[in-house]
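As C-alpha cells, the structure follows; a few thoughts come after it.
Here the chain labels run A, B, C and D in written order, and each chain numbers its own residues starting at 1.
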Amino acid sequence: MSKPKLRIGLIGTGFMGKAHVFGFTSAPRVFELPFDLELHTIADITPDAAERARVTLGFAHATADWRTIMADPAVDLVSITAPNALHKEMSLAAIAAGKHVYCEKPLAPMAADALEMTLAAEAAGVKTQVGFNYLCNPMLALAREMIAAGELGEIRGYRGLHAEDYMADANGPYTFRHDPAGGGALADIGSHALATAEFLCGPISRVMGDVVTMIAERPDGRGGRKAVMVDDVGRAFLRFENGATGSIEGNWIATGRKMQHDFEVYGTKGALAFSQEHFNVLNYFSTTDAKGRQGFRRIEAGPDHAPYGLFCVAAGHQIGFNDLKAIEVAGYINAIAGKAPEPFNFRKGLRIQKLVETIHASSKAGAWMDIA
Amino acid sequence: MSKPKLRIGLIGTGFMGKAHVFGFTSAPRVFELPFDLELHTIADITPDAAERARVTLGFAHATADWRTIMADPAVDLVSITAPNALHKEMSLAAIAAGKHVYCEKPLAPMAADALEMTLAAEAAGVKTQVGFNYLCNPMLALAREMIAAGELGEIRGYRGLHAEDYMADANGPYTFRHDPAGGGALADIGSHALATAEFLCGPISRVMGDVVTMIAERPDGRGGRKAVMVDDVGRAFLRFENGATGSIEGNWIATGRKMQHDFEVYGTKGALAFSQEHFNVLNYFSTTDAKGRQGFRRIEAGPDHAPYGLFCVAAGHQIGFNDLKAIEVAGYINAIAGKAPEPFNFRKGLRIQKLVETIHASSKAGAWMDIA
Amino acid sequence: MSKPKLRIGLIGTGFMGKAHVFGFTSAPRVFELPFDLELHTIADITPDAAERARVTLGFAHATADWRTIMADPAVDLVSITAPNALHKEMSLAAIAAGKHVYCEKPLAPMAADALEMTLAAEAAGVKTQVGFNYLCNPMLALAREMIAAGELGEIRGYRGLHAEDYMADANGPYTFRHDPAGGGALADIGSHALATAEFLCGPISRVMGDVVTMIAERPDGRGGRKAVMVDDVGRAFLRFENGATGSIEGNWIATGRKMQHDFEVYGTKGALAFSQEHFNVLNYFSTTDAKGRQGFRRIEAGPDHAPYGLFCVAAGHQIGFNDLKAIEVAGYINAIAGKAPEPFNFRKGLRIQKLVETIHASSKAGAWMDIA
Amino acid sequence: MSKPKLRIGLIGTGFMGKAHVFGFTSAPRVFELPFDLELHTIADITPDAAERARVTLGFAHATADWRTIMADPAVDLVSITAPNALHKEMSLAAIAAGKHVYCEKPLAPMAADALEMTLAAEAAGVKTQVGFNYLCNPMLALAREMIAAGELGEIRGYRGLHAEDYMADANGPYTFRHDPAGGGALADIGSHALATAEFLCGPISRVMGDVVTMIAERPDGRGGRKAVMVDDVGRAFLRFENGATGSIEGNWIATGRKMQHDFEVYGTKGALAFSQEHFNVLNYFSTTDAKGRQGFRRIEAGPDHAPYGLFCVAAGHQIGFNDLKAIEVAGYINAIAGKAPEPFNFRKGLRIQKLVETIHASSKAGAWMDIA
C-alpha cells in the first residue's frame, strides 16, 4: 500500500538548498514518514543554474522564476533557501497558494514582516518550519529532556555562543548578509544561540544588548568599498522567565572558529556543557555522583538518544551536519501529516526575530528591554 | 542527456545494509556521478523482512532468496552486507554472473577464501569494493597526502587502535562475530586499524601478534552457554617496508569506548594524532613552526579537505558516519565507470585478511612472521 | 658573599597564607633573587593558631596580634592574607611603619579605600604587590607578548571568564566573601577575569554591568539564615581603549566548575584560547598557517616560555598553582630590589577595584559607564 | 618541642638535583613530617658547579667529591641524581656508611647491579627510595584505589605509554642516556610506564618485547658521530598475574610529545583513562551510570584526593611536576621514621629493572618470557 505523495518545490540551490535536498532524500530512508516525498521543481535565478541543480539534485522540473512553483497546484510544500530579503515575499506567495512553507532562518529581516508571515500562515492553516537545524541534534534533545526532568535542579545560569570566522577577513565582500534590513552577525548566527537558549531554558523575558560593527566597510564587488551598517558581534545579557540569568554572543569575526555553537547551563544539581565543534557529545556534571568521583561526563550520542539510533545502531559513530537537516525534515513532515506539532514553526521563527530586534533596540538605547 | 543506469542488488538489511543504501542515495546528490543509481532488488532471509526493507529503503523488488539477484540480468552491482561467512559464496555467485561486487569487510573469514574471491573477480573483470569506510574520511585523505608529501619527514613510529565495547558485557550473546572461522575482535575491528595503518604508512612487512580471549563463553541464545574460541583483543607489533615500526590493537571489550579508531604517526619533521571519536579533526605537529609556538594543531575538516566541501561549504560543520559510506560509494562508482582506480578492491581486502591471519599465526607461534 | 636579608611578616594562615609561604620558600630555589628571604613572624587570630602555623610553615616568631609585626623594625615586608575587610587597616599600618606590602586581592572592599592605600604606599615609597597570581602564568606572559608583538594583528574581540562552584550550594554558610562591602562573585573572582583582560588587551574604557544575586540567603552559622546582598554572578560588556569589544563573567555558583578562568582573544590575524583548567597550555590560531593546515595549536608550556624553564627543564611537565605564587614572589622581590618595576602594585589593584565598582554601578543604573 | 634532624647530602645538581631540593624544601611546608630536613652537603663534578649550586639551592656545604658526603657522619640521607652509571657505586658507598639512599631511576643500568644494591640496602637496614615520581600523583593514587576497591570490576585490559620527543632530533648529541649499559628509551621512560602498570594492576608475569633503534648514530660532541646501540622505542605486550593483558610503549622520539605518560585500564564494570599531559585529571567510565547518561567522567584533582588538599584547599587549581617530588619526599621521610612502608624502595626499583631487562631479552629472542 503506497503512501500519499508530498511534492516539493525548492527555491535556491546554494548551501542551504543542497542541505534541504539532503534532508528530503535522507529523511525517508531513516524515518518512517507518512508521505512519499517527491522532488518536484527547483528554482534559481537563471535557467542554467536551475537546470544544473535539477540534474544534480534530482528534481523533475526546473525554473528561473520561483513564482512558477507557487502557481503549480502539484506542489505541496515550498522550501525557501533564497537570501533573507526574499523570504517574506516568497513565503506569502506560497501561503496564498495554500502550500506548506519551510523557510530558512531568519524568517524575515524584520519582526514585523515575520509577524505578517506568521499570521498569514496561521490563517491559511498551512504548516510551517524555520531552519534552526542545530535544535535537531539528539544531544540537544537530551539536554532539554534532562533540564525538563529536573536532572540539573533549578536552572540558574546560562552561557550561549555562536561564533564563526566567515566574515573575519575585512577583504571579504559585501553580501546579502550585510543588508541593513535584517543582516548582521546577531541575526545570522546569534539567532541560533538565542533559539538554543530558549529551547533549553524556556522563554527569555528581558535582554540587554551590545551590538557592534568592527569592520566598517567591505569591497562592494565592483572595485569600490561599501559601508557596513550591520553588526559583526552581537551580545546580550538575558533574563529567563524561570529565574535564570545568562548571556549569549553571536560573532562572525571570531578568527579560527568554524562552529562554536556552544552552551553551558548551570543548575542547582548539575550542569551541562556542549560544543557544536563536537556535537555528538554532551558533557554532564551531577552533584549526586559520589564524592571524589564527580566530574563532567562525556556522553557520546548513541541509540539511547533518539533519533540517533535510526541513523546508526552503534553509539559514538556520529551523525553529521546534514543529518540534522534530515531530522528537521522528518519532524516537519510528521507535523504536516498532523502526527506531531510543528517542531519550529513561523511563530517560533517570529519569536527569534523579536529577540534579535529587541537586543538591537536595547543596544541602541543602552538599556534593558522586555521582550514584548 | 541522461546518464546510463547502474542497478543495485543489496543483500542484508541490518546496520550495514542501511548504511549502503544511505551511500547509494546520498552519493548522487553530493557527487557528480557517471551513472544513475537505481535501487533494484533487496534481499533478506525472510520475505517479510525483505519486503519491509524494500518499502523503507526504497527498492523496486524484494526477495528472500539472494540468488534471485544473481540470476537477474538487470542487476549490475551487488552489495553484500550479510554476515561474514556468507561473503564468499555470495561474491562468487555475483562474479560468476558478471556483476560488480561491493562486499562488507571482512572480505571473507579466511584469506584463502578471500584469495579465491579476488582471483575470480580479477578474472571476470568486474570491479570490486570492500567496506573499509573509515578510510573514506577526508581527514584520513589529508593525513595520507601529508605523509606522502613528506610533511612529516620520514615516518618512524605508528600507533593504531580500534577499540569499542560492544562485546564487553560477558552476558552479551554469541553471534556470527564469534564464529571460529574469521570471527574475533582482530578480524572485526582490528582489521580497520590495519587498513588505516597501511593506508597511511604503506605496506607492513612483519608482525608479532598477541591475540587473546578474555570472555571464555557466552549465552548461546537457547538458555545454555557456548565456548568462545575467538579473540576479544588482538594486538600486533608492526614493521613497515618504509622502515617505520609500530603497533596496533583491536579490542571489542574496551569498556566505555564507542569508536576509538585512533592513530598517531611520528615522523622526523612532524606528527599526526587522530581519533575517530572526533573524526572531523586531524591534529598536526610541525617541527618547522616557530620556536615557542609549536604544538599540535587542531585542523577541522573544511572545503580545503576534499570531498568535505561537497557535503558542506562551511568548515567545522562536520560530516557523519553515513557520509563516509557516501564517499565510499562515489569512489567505487567512479571506478566502475573507469574514471579512477578501485579505491579498496578485493585484492586490498585480501591483503587485510592476510595481515589478520598472519597476526593470528604469529600469536599462536609466539614469534614474528613475515607478511607473505 | 651573602645577600642582604629581607624579613617577612605574614598575616593569615589559611589558603593564601600557605600559598604565600610556598612562594617565599620556593622562589629562592627557582630564581636568582637579590635578597635572602627570612620567614620572621606569622600572625593569626589566636596564639594557638599562630604557633601551630609557625611550626608547620617555618617562621621564627608567632603572634596573635598582627600589630606586633608592624611594630617590629626587623620586619621588611608584610604579607596580608587575612579577609578583605582587614586589608586596608593592615596595609596602612604596614605602610606607616615603612614596610613593603604584599596584599591579597581584592586590595580593599571599596575603591576609595584602595585609593587611600595606594596613595599612602606611593607617598611612603614602599613597594607593593597585589595577589593576582593567574597573571604569573608563563602562558599568560606568552599570550601578552604575542598580542603586543602583533602576532594576532589588531585585537577585535575578547571573552573572559572566571567561574567556580564553591558557592553553588545554597546551604553553604555566609562568609566574609558575602560581606556587602566588597564581597560577591564579581569582586572575588570576576576581578581575576578583569585583571587578565587588561593584562592582555590593555585598558578597558567602558563597561555595562549585569550583577545578580541568585541565592538570597545563607545559613548564618548560628542556626538561622542571613540575607545575602552580594552577587553570585557578575557579567560585563567591555570596551577596550584599543578598539576591541568583549565581555567577562565572574561566577561562583557554576556547578561543576573548579577553575574556569578562561579567555579567548580574537584578532585580525590570529586568535588565542586558554583555560586555567589546563593552564600549562595556550591554544593559538594563525591565519598565516598554510591553507588546509590551519587550526588551533596546542602550545605546551616549556623552557621557551620563561620562567617555566627555571621550574623544569623539560616542556610539558607542568607547573602547579603554587608555582604561580613563587613567580609572583620573585617578581615582587626583584621590584623591591629596584631591579624591575612592580609587577602588580597597589595602583593596579586599585584599578581592578575601580573596574569592579563601575560594573556594579553600571548594573545598578542599567546603563553603560566610563571607567573614571 | 623540636623535631629530630635529618641531614641531606645531594649528588648532582641538574634537572633531578633541583627537583629533589624542591621536594626537600617543599615537603615540610606541605606535610607534617617527623623530621626537620636540613640541606647539608651538595656535590657536583667541579668545585665551582658545586659551590654555585650550594648558594642557589641553599645547602650548608659543597664538594666536588661525592665521597666526602659518604664519609661525613652528619649526613643521614643521600640523594643520588647523577647519571645512571654512577648510581650503583654511589649507593653502595652510602649504604656502607649506613645512610638512607634516595636514588633516581633507573636504580642501576643492569638488574644484577640493582639486585646487589637492594641486598646491600636490606642487609644494612637503611631506607631506600627510587624516583618514580609519576606514581606520586594523587590521581594515580585514586586510580589504584578505585581498581583495588573493585570499582572497575575485574581488570581485563591495559594500555600504557610514556612518550616524549627529547631524542627525536637525530642531531641531538650522544649522552649518558645512550650508554649501552642500561640506556635507551625503554629503560629511561618506558620504565615509568612499567611502574605505573604494576602500580595500578599488580604484577606483570610475562612479556613479549619489541625494542628498536631508529637513529643509528649521533654526534659525539667532538665533531664525529657515534653509533647508538640503545633503543629509541621499546614496546611490550604484557600478561598480568590478575589475568589482564595489555601493552606498554616507551618512546623518546615521539615528535611533538612532551609528556605522554598515559594509560587506559578496562575492567568489567568500568574504565579509566589518564594522560600526564593533564595529570590533575582522571577520566572514569562506569557501566553503573544510568542508561543514556554514561560517559567518561573528567574527575579533577581536589581535596577529596589526598594529598592534593595539602597543596591547595580548592579543587581544580592543580599541582605541578615538582609537587610530585614533594609527595615523593614526604612518603620517603615518613618511611624513614618508620611511620609507613617505603613507597618505592630499591626492591621495587630492582623489579622495574627486571621488567626492562626481560623485555630487552624477549625482544632479542623474539619470544615471550616470564618475569623471573
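Quick note on the criterion: a contact is a pair of C-beta atoms (placed from the backbone, for glycine too) under 8 Å apart; a residue touches a chain by one contact, two chains touch by 3 or more.
Everything quoted here is computed from the prediction, not taken from an experiment.
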Identity of the chain that, by mean CA position, is farthest from subunit A: D
Chain pair showing more contacts of the two, B-C and C-D: C-D
Centroid spacing, where centroids are CA-atom means, of subunit B and subunit C in whole angstrom: 53
Length of the line joining the C-alpha centres of subunit B and subunit D, rounded to whole Å: 41
Rounded Å distance, subunit C centre to subunit D centre (Cα mean): 34
For subunit B, residues that touch 2 or more chains besides their own: 257, 294-296, 300, 302
Overall pattern in which the protein chains touch one another (line/ring/star/complete/other): complete
In the complex with subunit B, residue positions of subunit A that touch it: 14-15, 18-19, 21-22, 25-26, 28-30, 32, 56-58, 164, 166, 257-259, 277-279, 300, 302, 311-323
Residue ranges of subunit A in contact with subunit D within the complex: 142, 281, 283-284, 289, 291-300, 302, 304-305
Residue ranges of subunit A touching subunit C (in the complex, touch as defined): 152, 156-157, 159, 168, 170, 208, 210, 212, 214, 232-233, 235, 237, 245, 247, 249, 251, 253-257, 264, 266-271, 285, 287, 294-296, 366-368
